[in-house]
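Note that the chains are named A, B and C in the order they appear, and that numbering of residues resets to 1 at the start of each chain.
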């Protein structure tokens, strides 16, 4: 029976070669990347040129095409991370561990961006950088949770230990998200939001189409980023394993005189 | 008869560091084996691996009939490890510690009391907090905890270090009694003359590695490698 | 499992009785926090009394963090974790036992804090049933989450800063819900507190289940 992490250890001489890709790009990701860029261009055109400005908020409403997709896809990323964590604990395969951690990392970045865009939107629209509305508050707490996840990933060196620890934090991400959202929404619903602060103006027609398209494009971008992050981690682990074989050799030749 | 410990090409990792880099070892039941080697060679790691605490990632590793590569947790209750650190709760008394650790393996309080008596810990010392004891006394408490577990495999990591002569003799006596009662004992030590008294044979580990021919017969006297 | 939990909880409480860390350090800290809050929120403006529910729970969460850190500091000294791993203790029982000991210390702490706010802030709580139930469910959640993340952080060298980073965002909804429930009780509209109690119970359930299954895996790698 092989060990939990299939460390390919030939105790004898032959070292595993570092076969495989030397970069993280591939045919598939290049096509994906190109599609994403085209999508971004299309969305940008629609968002900033083709669709009309909002009657109340003026041009700043266009930021909704950035804000909403980013936060939605970030939440999707958390779901993927949770699924990946559960799958890792079940199947014990490194692949799932890296899926979970790559998704979580990209989600963390997107959450952070959501907060920044929210602030950029807030200042000109309502004069304040931050409002404690349900969505922004939840995003802030989840961002901090994801930072915690990253911190846990950095504490261990051994891939199996690291995977187990992150997986337990990771599988709790989804329940945490649900609990945080529920509690924050109830909380904010206790206070009537002044209509000036409504964050989602009514949108329809071309605007709705643009928003949906923007969500789709952001999802593509997420996949592109996550795949690259995954491959990077995968290659890093391969390098580390190769170094392990060297380490064993060194250890055995520790004879001193 | 099945060996109590059977290792072939065992590799064990601490993080990324290969603490054991290919160990071959066979220990028959009831044998007492001395484990020698320079500092950092892997004596402690070998004992911990046999206790099921250190994961073995390659090679064969069977202890007390239990395959360590499939389930190393199952073997833990059947071994007794006396390590460098005492694994005692500082704030609790000697008696509290022995009682807790005995009950934690589902043992009987009577075994704990008997162990304390054997090591001279009944009476006044039983109600002294561990953090008020000397290092030697703590080692005795840790040994009492081990005895109370009634393990089939004893793993002693430099049990004599830092102790006075009478206590060292006492430990040897206890090990002798255990072996006579059928327990298998693996002792890591730098003390060669001690070992002659105790051990059936000695084995040397260097660089995390013992090969199949590793050490039979009485301890050699020329071994004093210091890294 | 429950017998092991009782054994472990008993051991933890006995250690606390002998070392008196919670009594000598954590409880005074709680009182100190109450005093500092009063300095920060001038009592004369009436702000302090209105903020009492929130301040109570901030103090509870922070002191809970300390209690968890202490619970695991005990286990990481002297190679005791090896002893735990070598024992036949059921890991679910180990989790429950440690969480129960932390929870008990928190309950004592909360009783003291309630007395403190009545005396120092001139708060006049009502709706005692709501208060008690809230304390119970919130404490269960804090103790369970704290014990789970506590063992995770215990295995790591930078554990003192990792634990707050992990635990405080996770406990944010508990703070939120418990404060709202307390507000409802204080303002005489206890019935509005029940949805919040429900949320606290759900949180506690999630973390108790997670702890029962995950504690063993995390203990391995300390």
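Quick notes on this one:
Note that a residue touches a chain if its C-beta (ideal position, glycine included) is under 8 Å from a C-beta of that chain, and two chains touch if they have at least 3 such contacts.
As the structure is a prediction and not an experimental result, all values here were calculated from the model.
For chain B, the chain with the farthest CA centroid is A. Here the chain at the heart of the structure, going by C-alpha means, is C. Chain centres here are Cα means. That of chain A falls 31 Å from that of chain C.
Chain C has its Cα centroid 39 Å from the Cα centroid of chain B. Chain A and chain B have Cα centroids lying 47 Å from one another. Multi-chain contact residues, meaning those touching two or more other chains, occur in chain A at positions 156, 158, 161.
Touching of two or more other chains is recorded for no residue of chain B.
Those residues of chain C in touch with two or more other chains do not exist in this structure.
Contact residues on chain A toward chain B in their complex (touch as defined above): 1, 3-5, 7, 9, 11, 156-158, 161, 240, 243-244, 247-248, 251-257. Touching chain A in their complex are the following residues of chain B: 9, 11, 13, 15-18, 21-22, 38, 40-41, 55-59, 69-70, 206-209, 225-227. Of all residues in chain C, only 4, 7, 11, 14-15, 18-19, 74, 77-80, 82-89 touch chain B in the complex they form. The residues of chain C lying in touch with chain A in their complex are 148, 152, 155-158, 162, 165-166, 168-170, 172-173, 176-177, 180, 195-196, 199, 202-203, 206-207, 210, 214, 217-218, 220-221. Of all the residues in chain A, the ones that touch chain C in their complex are 89, 141, 144-145, 147-148, 151-152, 155-156, 158, 161, 164-165, 168-169, 171-172, 175-176, 179-180, 182-184, 186-187, 190.
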